Amino acid sequence: MPTRTYSQAINDALAEEMRRDENVILYGQDVAVWGGIFKVTDGLLEKFGPDRVFDTPISENVMVGAGVGAASMGLRPVVELQFADFVITAGDEIFFKAGMWRYMHGGAHTIPLVVRAPSGGSGFGPEHSACPEAFIMHAPGLLCAVPSTPADAKALLKQAIRLDNPVIYFEHKLLYQMRGEVPDGEVLTPFGKAVVRREGEAVTIVAWQDMLRRSLTAAERLSQEGIEVEIVDPRTLNPFDRETIIESVKKTGACIVVEEAYRTLGVGAEIGALLLEEALPYLDKPFKRLAIPDVPIPTSQHLVDAIVPSVDDIYRAVKEIAD
Amino acid sequence: MPTRTYSQAINDALAEEMRRDENVILYGQDVAVWGGIFKVTDGLLEKFGPDRVFDTPISENVMVGAGVGAASMGLRPVVELQFADFVITAGDEIFFKAGMWRYMHGGAHTIPLVVRAPSGGSGFGPEHSACPEAFIMHAPGLLCAVPSTPADAKALLKQAIRLDNPVIYFEHKLLYQMRGEVPDGEVLTPFGKAVVRREGEAVTIVAWQDMLRRSLTAAERLSQEGIEVEIVDPRTLNPFDRETIIESVKKTGACIVVEEAYRTLGVGAEIGALLLEEALPYLDKPFKRLAIPDVPIPTSQHLVDAIVPSVDDIYRAVKEIAD
Amino acid sequence: MDQEQLVKVFTSAVLARRFEAKIVELAMAGELPPSLHVGAGQEVAQIAAIEALRPDDYILYGHRGVAYMVARGVSLADMLADMAGKEGATSRGKGGVMHVVDVPKGILGESGTLGGSFVVSVGVGMALKRKQPDTVVTYFFGDGTANRGPFHEALNWAAVQKLPCVYFCENNGFAISMPTSRSTAVENIADRAAGYNVPGVVVDGSDPVAVYEVMEQAVARARAGHGPTLIEAKVTRLQGHYVADQQEYRTDRNAVAEKDPLPKLQQTLCDRDILTQADVDDIQADADRQIEAAVAAMRAAPLLAPEVALQDVYA
Amino acid sequence: MDQEQLVKVFTSAVLARRFEAKIVELAMAGELPPSLHVGAGQEVAQIAAIEALRPDDYILYGHRGVAYMVARGVSLADMLADMAGKEGATSRGKGGVMHVVDVPKGILGESGTLGGSFVVSVGVGMALKRKQPDTVVTYFFGDGTANRGPFHEALNWAAVQKLPCVYFCENNGFAISMPTSRSTAVENIADRAAGYNVPGVVVDGSDPVAVYEVMEQAVARARAGHGPTLIEAKVTRLQGHYVADQQEYRTDRNAVAEKDPLPKLQQTLCDRDILTQADVDDIQADADRQIEAAVAAMRAAPLLAPEVALQDVYA
């Protein structure tokens, strides 16, 4: 299998889907001539021309809202926001226009829209660093993908583009250069199917994107001490594969959610409530949430490191449960 | 003690605080000449003049963002959004400018801003009916009040205006005409102190605003059958009084959260996760969330009634646990 | 606009006016929710503008009445069902009278947050340009709405990409209780066209022929790929913002009836011998018949099933 | 602007230019994060505009360099500490070079989302009008930023309430890689002033005297309670959007050096015998001394403690 970076995998998915379906268009700030500020869309203008790949004014509200309008009339727009935080800046358009335009018109419209939103990472400050997934997961009408590997980055994006519903597709900035095997051709990752990235008995860790990477590193270290953790990667947050998490927790009896979002009402809250509702008899060990302690994300890297869950934090949390 | 409506109590709070501190100003669409689309601010223009009470253009982004700027320079603005949903429409200003302007500038600014947001209710459609509290609770930097009685409507608003941090103050549209005793004078409800509205042993219900009212009605009915529920009203969601909820659940061993928000990652999720973390040994009965089943809120009243938790729903949920 | 078209505008305006009056009557009686924002006084402008469109052109509209739908021939019964939450409702109980939709008739819908359709219109324009060249989309919005940010972003974007969009502002001098003069720094909303390098035209919204003509030009420009036009029709809101509004804030409220364009249009049609009084009577009677039939159909329709609330979130 | 002021502008511009060059050098060496958006080419306009303000006036700024702060005398060492996350950082590690703040010096800060300061500026204006009459706030922003909705909402609101705000657009012809001509429907951003009934002025941003004069008028207007002015300075971005930008997209990138206003200003000052070459050498040497001292202070400062990340959310 060829190896590709996460960033290349996204580019491949875009190119393949644009080739397959001429209704797919791609736009955003600096995506065409420059190939995107993170260079993810490099070369697509040359391949598909300025009618299908174009740069836009700095007008996030139109970027998203026009995606809704265009999707409702038969195009399949893929919109790049430069930073995932801007789903809040275009709040009306993301939550009401994309999330509800179909509903409020009784199903008369279909909105096959994908908003690509580079999340997480560091050094860009409070308004350019967030993982605003919980906002999306709380809102009705918006599907949500959080790919963690190059293979999923490609296969979830291809799937997202083919779905007839709006998808907020979070691509993690720190994963862009991650390399991994990506199967050739028509591979689609279904929405709503979590994957167990590592099997174990000691505790279930739920994590995705950079927190999955950190969890896997911590797991290696724990394994050397004879502690085998099970790691579930949800892959999509809406739909959300509750069953796989519950099954895993039934086996391990404990759960740690590691996420890069603010702790209160982060995705871990939903998982906690879910377990309380569905897995109470099996929970004989503590439930833990590792997340950002309800503060904005600062700019200085060492302050970011002080609040984002680290490999050490994960290692310690597992030890506390497993010991 | 005099009785006042919830709406009058808000008006009283505004008048008293404006009289006390000339830095308090009030603005919003139709709040001055017309006294607000829900008539909550009636008479304040006459009392305080057009410099301190004024109507604004339909520009939600400025309404909130100007509140941040004005607050940072020594005013204490109270902004009325016509519908609570518009915290999303002014997303950048609520979540980033109000929530983070202080943090991103290292504490150089202080933002004593209150945004009044009429929430819930019915018949106004998907973009005018929500209780978007969970969005606020997830976001760092924003305090959040959810008054349920005329007394708290007044005392929480007076407190909110005096706090040096931005407060999103949700006033529930269906409570405006609710009448209750309101103590005269300088009563402030501290943020972060829940109140037990009713004591019981069978199960802990956490509810606020219209869902509290429905829960109290259900509790009466249950009481006639010998089932005594305990009802906790959090009063503020940030800060959130976790202790009072945990204490109550330690006593009852069960918890139902009733809320008017979307179920997934509604406030109930945080409570569920909290109980799993802090009260696991005491939970011998199920945890339940009654909420809107992850769909937007429709316009037709009977469809709204089909998805918002009702007195019957609450009654049944308690019976399932208590029986 | 030829005589036939003028009669058509008049006929639709009569129907819209009477239909809205019936809705208000039913709302007052408690049979329908009081959610209509009556369009009385603005229908002639709305309908004349739509007359300048082809049937395959599209419309996004604001909350000011139902004349847009009437002009396009949307079923009156279905609109009543929208309000009553009954079978037949175009938005299936989700949107009420605010979100009437009929895509085959070119009625795309409404954003409940004011001006939300500015951004949607840009996307519709993008799609039309690529998939249905030669068709256009017109967005009808109020003067107050023109102070929201999406106005700006959309006008600029539509202009720079030369999209087939027409922006039709109905300036009725108020946003609820707020006079335009106190909310808006500029005399004419159309003056803002200069900021986007597009034509900005002010027109008397009580004059259907004038409205039709400026729309014709705007539509031709959009079809030709030259981009949007910003039209501002000066109109009069004859009634309150919504059904229950007593308009205490309005000093001109007793004088507005004189500004009603509908009797003026009727007078013109009679003066120019295009219609006789008998014709007018027929038109009115026919409108009433349609309305009665629609009310009967709405009354006969069953309520939408409760589980409909859970549908239509996802495709 | 008198000769003394012109020398002051030159002196600050030299300092800002050299300071930014040092920041880039330290960023390239890995000592500082590469987060600066270099302002080279735009400092003369920025500083000349600020020269027209009084010390008790306020500034909100965009991301284009640090000349605003330099002109106001913000400590260079503290700004370096902002970048390095060290003690002394004006935003205490929270905002880096993007959110330098110094309220006593009138530097109120920046919004990371472009144009966020439009809405903040309105509130600042509201407060100044009530609490510090006779002072004004100036917001510096880019041409690309002028396409965001808050531009529109803020200009209208500030105009209708006659707030003491000045809007200063630095049109450098680009938003990152996007030429203004492809993103913006109108020739001059200042043309949009017509939409808000405020003066709109285009000025050559390489001419400090011209910039100063239009600012003087705008500030006088704001102080007098007549409301905002929209100024557009045509400027040149001499370097990439940010430190690492190679500008492959830019056809004029080899020609821009000629447009640098700083050597021109130096020439003018020497030609008019206001400064000698020795004076210029002194100014440059003095700038370098200040910069070296600041670098030394930053290097000596300890890192901010990790728990600082948890502070400053709430008052």
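First chain written, first letter: the chains are A, B, C and D, and each begins at residue 1.
What we mean here is this: a residue touches a chain if its C-beta (ideal position, glycine included) is under 8 Å from a C-beta of that chain, and two chains touch if they have at least 3 such contacts.
The model shown is predicted, which means the values in this text are computed figures rather than measured ones.
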item: Chain whose Cα centroid lies at the greatest distance from that of chain B; value: D
item: Between chain B and chain A, distance of the C-alpha-averaged centres to the nearest whole Å; value: 30
item: Chain C-chain D separation of Cα centroids, rounded to whole Å; value: 45
item: Between chain B and chain D, centroid-to-centroid distance (C-alpha), Å; value: 41
item: Inter-chain centre distance, chain B versus chain C - centres from mean C-alpha coordinates, in Å; value: 36
item: Junction residues of chain C - those touching two or more other chains; value: 89, 91, 93-95, 99, 111-113, 116, 147-150, 153, 156-157, 160, 182-184, 313
item: Set of chain A residues in contact with two or more other chains; value: 56-57, 59, 61, 85, 89, 92, 96, 103-104, 125-127, 140-141, 294-296, 298
item: Overall pattern in which the protein chains touch one another (line/ring/star/complete/other); value: complete
item: Residue numbers on chain A that touch chain B, as the complex places them; value: 85, 88-92, 95-96, 99-100, 103-104, 125-127, 134-135, 137-141, 238, 240, 261-262, 264-277, 280, 283, 286-289, 294-296, 298
item: Touch list for chain C against partner chain A, complex; value: 89-95, 99, 101-103, 108-109, 111-113, 116, 118-128, 130-132, 149-150, 153-154, 156-157, 160, 311-315
item: Chain B - residues contacting chain D, complex; value: 23, 25, 51, 56-57, 59, 61-62, 64-75, 77, 92-93, 96-97, 101-112, 140-141, 143, 164-165
item: Chain D-facing residues of chain A, complex; value: 29-30, 33-34, 37, 55-61, 85-86, 89, 123-128, 293-296, 298-307
item: Touching residues on chain D, where the partner in the complex is chain C; value: 147-153, 155-157, 159-160, 182-187, 191-192, 194-198
